[in-house]
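This is the structure I have questions about; it appears just below.
Which chain is which? They are A, B, C and D, in the order written, and residues in each are numbered from 1.
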Amino acid sequence: MDFTLASFVNALILGLSIGSIFLVAALGLTIIYGTAGVINMAHGEFIMLGAYASYTLQNYLGVPFFLCIPLSFVVVALIGLVIERLLIRYLYDRPLDTLLATWGVSLVLMQGVRLIFGSDPKYIQMPSFLSTNIAAGPISVSIFRVFIFLVGIGLVAAVWWLFYKTEFGIKLRAVTQNKEMAASFGINSGQVYALTFALGAGLAGIAGSLFGVLNIVLPTMGMGYVVEAFLIVVTGGGALLGSILASGVTGEAQSIFAYIFNDTFAQFLVFVLIVIFLRFRPQGLIATGGARR
Amino acid sequence: MEKNLYHNRLLQWLVYVVFFAALAVIPLVMDDAFLLNQLATYGVYGMLALSISLCWGFGGILNLGQGIAFGLGAYGMAMTMQMQTQDPEYSPIPPFMLNNGLDALPAIWEPFWNTGFGIALALIVPTVFYLIFGGLMFQARVAGPFFAIMTLAILSALATLFVDLQPYTNGVNGISPPAALDIGGFVIDPYMSTSYWVVFALLVLSTVAAKLLTQSRFGLIVQALHNDSERVRFLGYNVAIYETLVYAASGLIAAIAGCCFAFLTQYVSPAQFDVGFSISMVIWAAIGGRNSLLWAIIGAFLVQGAQSYVGDEFLNSWILILGFSFILIVRFLPGGLGGLAETLLGMVSRKRETQESLTVGAGEPETRGA
Amino acid sequence: MAIDRRRFLKNSALAAGAIAAPHVWIPGVREAGAASLVEGEPIKVGILFSLTGSLAVPEEDSALVMQYAIDEMNEAGGINGQPIEPIIIDAKSDFKVYSEKARELILRDKVISIFGCYTSASRKAILPIVMQQESLLFYPTCYEGAECTQNTVCTGPLANQHSKDLIPYMVEQFGPRVFFVGSNYVWPKESNKNAKIWLEEAGGELLGEEYVPLGSSEFGPVLNKIRAAKPDFIFSTVVGASDIAFHRQFKQAGFSADSMPIASLTTGEIETKAMGAEYGAGHFLSAPYFQALKNPTNEKFVEGFLSSKYGKNGTTHYNMEETYTSAYVFKGALEKAIAEHGVGDVTSRRVRDAAAGVKVSADVSPEGEIWIDENNFNTWLVPKIGQCQPDGSFKIVKEAPEHVAPDPYSIYPDIGVCTAEGLKTPDGNIRKDVI
Amino acid sequence: MVGVLEIKDLHKSFDATKVINGFSLAVTEMTLQCLVGPNGAGKTTTIDLISGRQKPTSGEITFREENITGLSEHEIARRGIGRKFQVPAVFRELTVRQNLEVAYNRETSAVRNMFSFKPDGCAKRLEEIAADVGLTERLGIKAGTLSHGETQWLEIGMVLMQDPAMLLLDEPVAGMTEHEMDKTVEILNRLKKTNTIIVVEHDMGFVRRIADVVTVMHMGSLLAQGSIADIEKDERVREVYLGTEDDEESVH
């Protein structure tokens, strides 16, 4: 295809959109990893649960779409909290085992949802004004993608506020820095971890309610996001800012490579570039505690 | 000093002998083509679990991408078998290439005309790939969960690549060589006991080799770096090389498993690089017992056997059962069934010891794993 | 290039023989199929579809409709007075399970035939065992062709039949400029090769050809390319969950079916139901069967199936119907084989050979009369074009005037012609088991 | 006289903090040099820099006339520099015997070690050293179950197994009983006849019993150097050092 400025600009805009989708998918994972050092393999299934929560609310209770998003947060955060209390909290000092245990959780969640909802695909409806595009000459972007982008910014702002402007944030950062020291100041690190895990799960729930609109609601839908989300977290280094940068860069890379070559090769190229990048900067874009590595 | 029978080296070797003797008897008493083929497939899964146990349980390197070596090995073998059914004169190139726009055999396929070369490549390519990738990662001191995630990334990238290179690989549809593997006139028919024997022999060989490796000085140092890799550096050992080599050794075993799988099923596709399959290898090793080569193999036999024979009864709840048992094992029994055996034997041994009431002080393990 | 000694000897011997007679090239050892029938005993068939996992969505329906067909036949007295006993297996959407279970069905259960597989990958996974044991596979779905074995019968449309009418119809209705989008694998690419031929004949213009990874849900880059190319219509071979994401993102990107419809080979009743009918409305599908087909046989089939215990999903679609007719092809072929050889001497291979020319008449086949090609054992059928309505059902807008012949090698005359004995190459040789 | 180990104008900073600031040192062969100094003086960092755990910002470290600056840990260890950590680092999951076997590092090649099971001389040396450090009875048990003092002994034993030309010992007697310390003194005084040793230590009583040369560090540079008698007389040392003996360094 011929190169035109307009289509290249479209590719750049799309890159931002893909980046925001990556970010929304990876945000919860970043928080859980950055705080507790837990590699949550069930993150994709939390996204899936968010989508099913929205689907159920919308179809059986008639809840409007915009209300489904925060409610999905609540539902999945609660599920996350239960999983943390029953399982994850016993495994904080065994990072490889949390990875495996959460993989078991993901199997159970996926199959559980399949038993309840069946394996045929569902979808989430959205207000029709979101279901079109905005265009300026040859430049065009779908409104729903803009919506996801804005939600992404909103979530980042909310998380930033929570981390740096609230008491919970102070406790959370204290625990992340030094668990023992924080304990001596009377901070209950178990509680902080539990809430953080719930928060991360809830953010995945929001992602799910958005992705269920963008494409399709299936028990297996989480698998499609989880590897990318991990790469974002690893490339970013586990920090909030790192994940933002990493998703921006990989989103643009994905879009531009797809523009130049094709989607499949773009995917391959992005994976390979990330591995090469990490060879030279294993701590990621923004290094957090190097000790964890 | 040996207190727990589980750690008695002699006894360990004895258990190996018993297990493999039991496997060896099966084709002598059974004459069921399907059962032999199925057990041979389990043997392949056993090799994969063995390779995971070597890498993860023993070396501490969690590898969620063992499908890389397995898949590359399987492709190498399938390409070799495919070329055996081609004829330089009548059909010089595999049929799928014709409808993918190729009219001559691509250069990367040329070596596979020769069976020996082809099989050698099927083993060398994945091993070298592991050496390079592992070398890069371990030199950059990427370890633990990060390394695991990186193996996942490479696995996904390879799957994508093999799909995209459709003219050379037949993409998603994969390669189905229509005839059995033939090594210099020795036909490894997947529905005869020969294929069972070949897989069995390779399983024994790789188990013994892996066991010897763990008992060598190399193995001792790998155990030490699993414990505290920093400390090992100050003793003058290049940790990255040790890690790379144990990773590559496990890759070689997985590549052998891939080769076996290709001649057993006469089929290979990018689904070999499926993330779920690579993780199920880890599940086998975890359920059987990651710290023990033999128990990991038993884990593969048990889980896959259950999937084949119990799975259909439960259909939908099978994955649920698998997931729950995996969670419970990770949570309560990190050593898997092997760990359970270790604890039980330890209790038995200790009890006997108190009865003899001669020794003072708690007996503790000498060697890791059975 | 190294050739070992044994191969060299074989080659020279064959080369000598080739001068005198056409050379028959059979790779590997073959064993006679062990499966055979016994008078009065049930006829065992294997039903190998994924009932769980990612492929369960299309395949579970096929397994259900197959059971429905067998029940129907058994109620009518079975075949040759013998009941049919289905062995239903869950392939778990995993090629390793397909392969293992096919072995079990053939080697242990000794079924006379397997009905199963949806993806080409699963077909390729079980073909080696099917061929080597001279068993039989009924493959009831559309596929790319370019395959010539002696052990399969296919009742779905081949790439050369599927879009033959669709492309000229779309060019005529909407204009010549077209953009191809497909999932990145063999079937879409082969389908597009055929489509290009029809496109050229119809005077159309191909603006672009893009493939997305199987299962991908990100269509942004493709939609941008479509926007830049400004086609009159889109020809889609995107499959599965991706197809649904594609249609949804298509509308979200501001495109509309009225000005730029998608002409698809897969987006049927089930898919439009899953994506939300408003996303499917206005787009086109080419298939040999639609639930909305107006004929007494189809009305009976739809009503009978949906009211049976198998019809919970509330839909019949092309894939299910092709599975249903495959059961009747099997019946016809088996009856013919029994008449020819006697019950005791019926083998899977003989059933397959007897399938040549078997007709399923319009009062049995919901899509209208079909028959099996005597050479390549694919199906003569009538492709139809339907347009999706706002309620998710399809309205038939065009029907091919006559049956279209299946030809697995239509675009590869250089490779050969598929005959009952094997692939006949241009130099006159016959090659068996070409997959 | 040229020292076996020479440090020239060493600098090391973490972000903006200068931890080592123009430190130079020459260590003579077959002497035991004690590195003392108040908390945060940079003693452990110096050990880290010598052993390759950290890379200096600038400066040069020469060992046996070879520049070893910036080499990695294992390369430095292979040149005969053995190290003991402040917090004893042993392989807790391995037995005492295995710990000592790992430390027997005559052969470091991974490939050759794959085919080696019982290296020559290992068993004999192991018996000697186990006897030396009093762990003969404990060889079969897991290192993780040893007492603190025993763990210190084990790590000293591991350094001895290496048979290094130079030993870097970071607080070898921390947590030892009086009796254990006496034994350590005895071993070190024997060792310094054949080895070059650097000991980082707080306990001046201990230093007095072993040191040939004492080097006092302050704020990342050399404050004073000389015999223990000289140092104890030095006014500046008194000023910065006295009264801070029992603090622990925060960085190890």
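A few notes on this one:
The working rule: a contact is a pair of C-beta atoms (placed from the backbone, for glycine too) under 8 Å apart; a residue touches a chain by one contact, two chains touch by 3 or more.
The structure displayed is predicted, hence computed values, not measured ones.
Here the two chains linked by the largest count of contacting C-beta pairs are B-C. One finds 47 Å separating the Cα centroids of subunit A and subunit D.
Centre-to-centre separation of subunit C and subunit D, using mean CA positions: 74 Å.
As a whole-number value, the distance joining the C-alpha centres of subunit A and subunit B reads 32 Å. In whole angstrom, the spacing between the mean C-alpha positions of subunit B and subunit C is 36. Taken residue by residue, subunit A touches two or more other chains at 114, 264, 267, whereas all remaining positions touch fewer. Shown for subunit C are the residues in touch with two or more other chains, namely 52, 184, 213. For subunit B, the set of residues touching two or more other chains reads 160, 163-164, 316, 319.
Listed by label, the pairs of touching chains are A-B, A-C, B-C, B-D. Partner subunit D is touched in their complex by these residues of subunit B: 1-2, 213, 215-218, 220-221, 223-224, 226-228, 230-239, 241-242, 245, 361-366, 368.
Interface residues of subunit D facing subunit B in the complex, by the touch rule stated above, are 51-53, 72-74, 77-78, 82-83, 85, 89-95, 98-99, 101-103, 105, 107-108, 110-111, 113-117, 119, 139-142, 145, 158, 162.
In the complex of the two chains, the subunit B residues touching subunit C come out as 32-35, 37-38, 41, 84-85, 87-91, 95-96, 98-100, 110, 113-115, 117, 160, 163-164, 166, 170-180, 182, 184-185, 187, 189-191, 265-267, 269, 271, 277, 308, 311-312, 315-316, 319. Within the complex formed with subunit B, the residues of subunit A that make contact are 39, 87, 90-91, 94-97, 99-101, 103-108, 110-112, 114-115, 223, 227, 230-231, 234, 264-265, 267-268, 271-272, 274-275, 278-280, 282, 293. Residue ranges of subunit C in contact with subunit A, taken from their complex: 52-54, 56-57, 60, 184, 208, 210-213, 215-218, 220-222, 224-225, 227-229, 241, 244-245, 248-249, 251-254, 270, 274-276, 313.
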